[in-house]
Amino acid sequence: MSHEAEAVSSRGGGISAGIKTPRPKSNWLKHEMAVPKPWAVNVGRFALFIIMLLLWEIGARSGLINSFFWSQPVEIARTWWIGVQTGAVWQDTLYTFRSTVIGFVLGTLGGTLLGLSFWWSKYYARISEPFIIMFEAMPKLALAPIIVLVFGIGIGSKIAMGFAITVVITTLTTYNGVRSVDKDLVRMVYSLGASRMQVFRKVIVPTAIPAMISALRINIGLALTGAIVGEYIGSERGLGRMIFYAGQTYEISLIWANIFNLSILSMLLYVLIGKLESLLLKGFMHQK
Amino acid sequence: MNAYKMELENVSKTYLGTDGNPVNALGPIHMQIPNHRFISIVGPSGCGKSTLFNIISGLVETSDGAIYVGGNRVDGLTGITGYMLQKDLLLPWRTILDNVILGLEIEGIPKKEAKAKALPLLYKYGLKGFEHHYPAQLSGGMRQRAALLRTIMYDREIILLDEPFGALDAQTRAMMQEWLLDLWDDFQKTILFVTHDMEEAIYLSDEVYIMTSRPGTIKRHLMIDLPRPRKPQIITSPQFIELKEEALRTLSEETMRAYQQESAG
Amino acid sequence: GGRSTASSGPDTAVPAKAAGNTKELIIAEPVHSTGYLPLYIAIRKGLFEDIDVKVVTLSGGSAHTNAVLTDQAFGFIGGPEHNAFAKAKGAELRAVVNIVNRGNVYLVARSGLDPGTDIAAFMRGKSVAVTQYGGTPNSIIRYLAKEWGYELDKDITLKEVDSGAIPAILQQGQGDVAVVTEPILTQGIQEGIWGEPFYNVPQELGPYAYSTINIKQDSITKDPETVQKFVTGIQKGLEFLQDNHEESMEIAKQEFPTMAEDLLKTTLNRSYEDEMWEFSGQISEEAVTTGLAVVRAAGLLKTDTIEYADIIDMQFVK
Amino acid sequence: MSHEAEAVSSRGGGISAGIKTPRPKSNWLKHEMAVPKPWAVNVGRFALFIIMLLLWEIGARSGLINSFFWSQPVEIARTWWIGVQTGAVWQDTLYTFRSTVIGFVLGTLGGTLLGLSFWWSKYYARISEPFIIMFEAMPKLALAPIIVLVFGIGIGSKIAMGFAITVVITTLTTYNGVRSVDKDLVRMVYSLGASRMQVFRKVIVPTAIPAMISALRINIGLALTGAIVGEYIGSERGLGRMIFYAGQTYEISLIWANIFNLSILSMLLYVLIGKLESLLLKGFMHQK
Amino acid sequence: MNAYKMELENVSKTYLGTDGNPVNALGPIHMQIPNHRFISIVGPSGCGKSTLFNIISGLVETSDGAIYVGGNRVDGLTGITGYMLQKDLLLPWRTILDNVILGLEIEGIPKKEAKAKALPLLYKYGLKGFEHHYPAQLSGGMRQRAALLRTIMYDREIILLDEPFGALDAQTRAMMQEWLLDLWDDFQKTILFVTHDMEEAIYLSDEVYIMTSRPGTIKRHLMIDLPRPRKPQIITSPQFIELKEEALRTLSEETMRAYQQESAG
């Protein structure tokens, strides 16, 4: 058997020899079982980040990268530091954070409820479909006049944007989750005399939960985008507003500095969502 | 009151095959099930036993025919029978205990009460220490026991069991058999039981139906007139052996015929 | 225009792609506006000789400048202050012909408010809806605030929003005053959201290099003939606009087919009235000085060293 | 048994009576099995659409809805008809269609490959994560100056927008699909001596396909959004440019007319994707 | 050449329980499996039989101990043994035929060739007409047959079968038994076989291991010295009955002990 011959290490003597040879492992076991060590991952990320910055700075200094269009790390860091000193960084980040989180929560809840509600009637689901698509297709920015009319220029319009942008995708994802339910489980529960409401509560909702949870990550990013678009429509504060400012006035380093802040914020949000996700998975699905 | 607890009249099922043509999977089946009887159904694999149970429990629509329980037409209705499906179908996100009380929960019995009712049974049937485990952490046999307990806890007059003891070890199986007989006796249930083990079928039942191969119809309806209560030793009695040989001959005739048919055609 | 690579800087000239005999020139406009009617007339009436001019709407910050600096577009429409911004960072752009020579914005007050005659006094404590920072209307209100001796956020609050949001803000009473341009100005008046402008920037500030056509210095050195042809075409467009009000209106209708006709008419009339266009194509020193003063007041231009000659080249305007 | 008594109809005589009573059905069976009739669905959609338009028009005429901000259906129809006559509708729609489809194809393919590639190394996947999130968090609209720099002002920048907006979500969705693989199936295939490549091809890819397919619907909408954003940044033609232009000049009816065109386009795209989806599901998953 | 085909040395497995504490699920196990033997393993449900097979086949890491095949250490290596898992694990997106040839495909044998090899087996074992069906369309027994055929087609010297005949009807089961014996004889395989049916274990095997309840260790190692080839009638021979009674007594002792332990603690 060639398979065997290739893969195993010779042991020499019989069992009685009792010499413990190092345990051989197949590749896949290592892979499927291993969870990368957090510190190694963080080191990797950090290293990659630093290398990218270094290449950029060197490229800019040597003229390979035109710093007129791209700016350069040292310059960006300087601009960023000014923001930290004036306190603008914290205020803008907090502002964007607040509207993102509220829009996210509302959009996710709304979309989940809507997606789940589709289970109740295929007819209703099919009728609603094109309207949902229509709503999704609307460029939210173009609706600025109406959005301001309805939601004002305060935090309301930013929340509305976050909501509008997350709700459709959550609806679709949840509905996909609902449709992926194991038909046999549904049958079994019906065989116990369950009502539709009971099947819904005891099978459909728990089945859809992983889909909903997997939508969280995507949603937080979208809610952030929504908040940024909302800030574009009109805002007094916020990272999005700062970036547009900078874009209008050729301050490329200010754009990057705020994109950096935005990345930090979005990373923070993802970390929070990650925690929430594993809490939910543990609570509902008993997975690690 | 009718003479029969349940009647199947001309029940049959046709699936749509992959090629779009209808495939006759079952029937027509006629059965008249008296009250409080233990009935076994034995037949070649793929003859439609699971399909029949799905139909009786209202989970699959009949293509033709009718089912009556206590004189009332019930085909397409659920909640009439207790049904243990061939797959264990435990809800993966519930602990074993929560799975077992599912039927009671659906009936509206408070969780606490339901759990109090279920725990002794879990203890008795070797699931002690696993009440709060999730299905994925259990061995195959344990899962099947949990599914069986769930069906039993869902206290219906007619109970359908599709190969409930398939994955159990001999000892547990024997214990479960005795317990099932007790239960049937104590609570005056009507039990329909699918098994591949003819000895088990005869040992447990008042009547054994032997089915033909696909599309499954009733080939033979055997009355088991062994006295009750039966002791395990009964399986070595001449009467038992005679019945078993008779039944096995019928079944093997049928299986052979099926194989020949398929090899030929 | 070809796709540029990261390494092609503002000074590396990539020859514009020639399509047959007629050169294709792309002009990037920040928005499709009646103010640029001379350009549309020149295109629609075929006033350019040997060159084929195409217009691309390019919004979003400095995108139009970048398009020119990377040779994806031949020129862009915008104030010469953009050339100053670029110059401050070491890129050479020149305004070669004038189009709009007035600060094309108006201050209006929410219906029910009476600005009276002392405008500075009226403006104290008001909140003003205006488009985003970096845009000229925003710079103008900042400039005016400074002139009046007001401090932002203290004496005057700015609500910086997308232009489409401005009417809704006044309608809802979230703002008192708006800085608007045509055609929203007329629409708001018609709708009764605000009254006639109480401060007419075109008249008050006078000549103001608001929208010029700006190209790369390189194009001037390497291919002056093309630049000449282009500027001549624009000048013909300006002349046409000056001489043929009726036909210009027809062209405007083709260019803005969905806009209500009376609205279009009112807009054009107001433009003629306020001497919006510089029909000679000339950019005066005075006009540039005003423009630069405004962006300096807004804090957009931080250097003081940039002069008229650094950003304007009038050699092609005959 | 109360259950039984409630639910079933009395039959009177014995079996021998032979009277066929109407077959009773449980609710859920009707629901789970029934597929809504297409004509009924279409009638429902159309009716809903008409009712909404009517309410809008009546509201506008009666002054309940301020038609300056909201416009009104008759006005929108008139504006739309002008677009049809001048041919602008077709040109703009075609332009947007083209960039959407190209962006969609590239983004979906790219995201799928990326998502699948994450299966190969958890370490690599974990390291990449924040960079992907960073990329997702960047407000594409604000990057206009740089986008124009990198992708030009032609169709390239619109395609790039469509790509940028779809690729991250496809990556995340595919990776979620990959992670949802039945561990026992993977074990079984390894037990047959499969290499990692074989497990990948024979289990991971087929498992991820439904997730990928379910992402198609979401992606086409996002690619459209991307193309629209690309047109905002700069364009000669396209529905997004028209909407942007209408917003600048406050032609609300033109905004709606183009949103209508956009809806038609997106519906068309969804129909096409729906066809593709069922083809793929049939081909790969043997589902109906 | 070693005396034994396969040796298990001190093999054990500890899972992490739900409460975070380690749960001892198996072992330590010592086994010495001679070449070309038919070995059955019988034990109470949940004692770790499936866990043991998972470890031998390299799918689960041992917590302790080592496995040698032909003198080479192989624990953690896959592809050494053919393994039919307790679940059927057919790939739902492949037809039955494509599922059955999976092992050959992985070895790089052209699909056409593999199919030509598989089709006669499918015909012989009652899957004719179902080659192009998908797993969801098959009855439980048919799926199990397909899974068994897949393992057999994946032609390894050591074959692990975890309750392969659990869901088969008696007739098919008998046919499969004979066929498995033929195969074992013809191709000189070494077979490890988990079953709950002691009669089946003794009838098929050269050696039977009886395991203790969890954590499963070897309680008894029985040599079955019945002459080969064996006829089905052998099960009524005194020698067979004696062996069976002996084995069942051991097993039931163990199961009882386990139940008592659990009821007490």
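Going by the order they are written in, the chains are A, B, C, D and E; count residues from 1 in each one.
Just so we're on the same page, a contact is a pair of C-beta atoms (placed from the backbone, for glycine too) under 8 Å apart; a residue touches a chain by one contact, two chains touch by 3 or more.
Everything numeric here is computed off the predicted structure, so don't read it as measured data.
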Count of contact steps on the shortest path from subunit C to subunit E: 2
Comparison of A-C and A-B by number of C-beta pairs in contact, larger one: A-C
Furthest chain, CA centroid comparison against subunit E: C
Farthest-lying chain, centroid of Cα atoms versus that of subunit B: C
Interchain centroid distance [CA atoms averaged], subunit D/subunit E, Å: 48
Centre-of-Cα separation between subunit E and subunit A, whole angstrom: 45
For subunit B paired with subunit C, centre-to-centre distance based on mean C-alpha positions, whole Å: 83
Per-residue multi-chain contacts in subunit B, two or more chains: 58, 78-79, 87, 134
Residues of subunit C touching at least two other chains: 6, 60-62, 65-66, 70, 162, 164, 167-168, 171
Residue list for subunit D, restricted to those that touch at least two other chains: 3, 26, 28, 66, 69, 141-142, 144-146, 149, 190, 193, 232, 244, 246-247, 250
Subunit E partner contacts - residues on subunit B that touch it in the complex: 15, 18, 42-46, 50, 86-87, 123-124, 126, 128-129, 132-134, 137-142, 145, 163, 166-173, 196-198, 248, 251-252, 255-256, 258-259, 262-263
In the complex, subunit A residues that touch subunit C: 64-66, 68-70, 141-142, 144-149, 152-153, 232-236, 241, 244-250
Of all residues in subunit B, those that touch subunit A in their complex: 54, 57-59, 78-79, 81, 83, 85, 87, 89, 91-93, 102-103, 105-107, 134, 154
Residue ranges of subunit A touching subunit D (in the complex, touch as defined): 3, 26-28, 31-32, 34-36, 40-41, 44-45, 48, 69-70, 121-123, 126-127, 130-131, 133-134, 136-139, 141-146, 149, 168-169, 172-173, 176, 180, 183, 186, 190, 193, 196, 199, 210, 214, 217-218, 221, 224-225, 228-229, 232, 240, 243-244, 246-247, 252, 255, 259, 262-263, 265-267, 270
Residues of subunit D touching subunit E in the complex: 184-185, 187-195, 198, 202-203, 206, 284-286
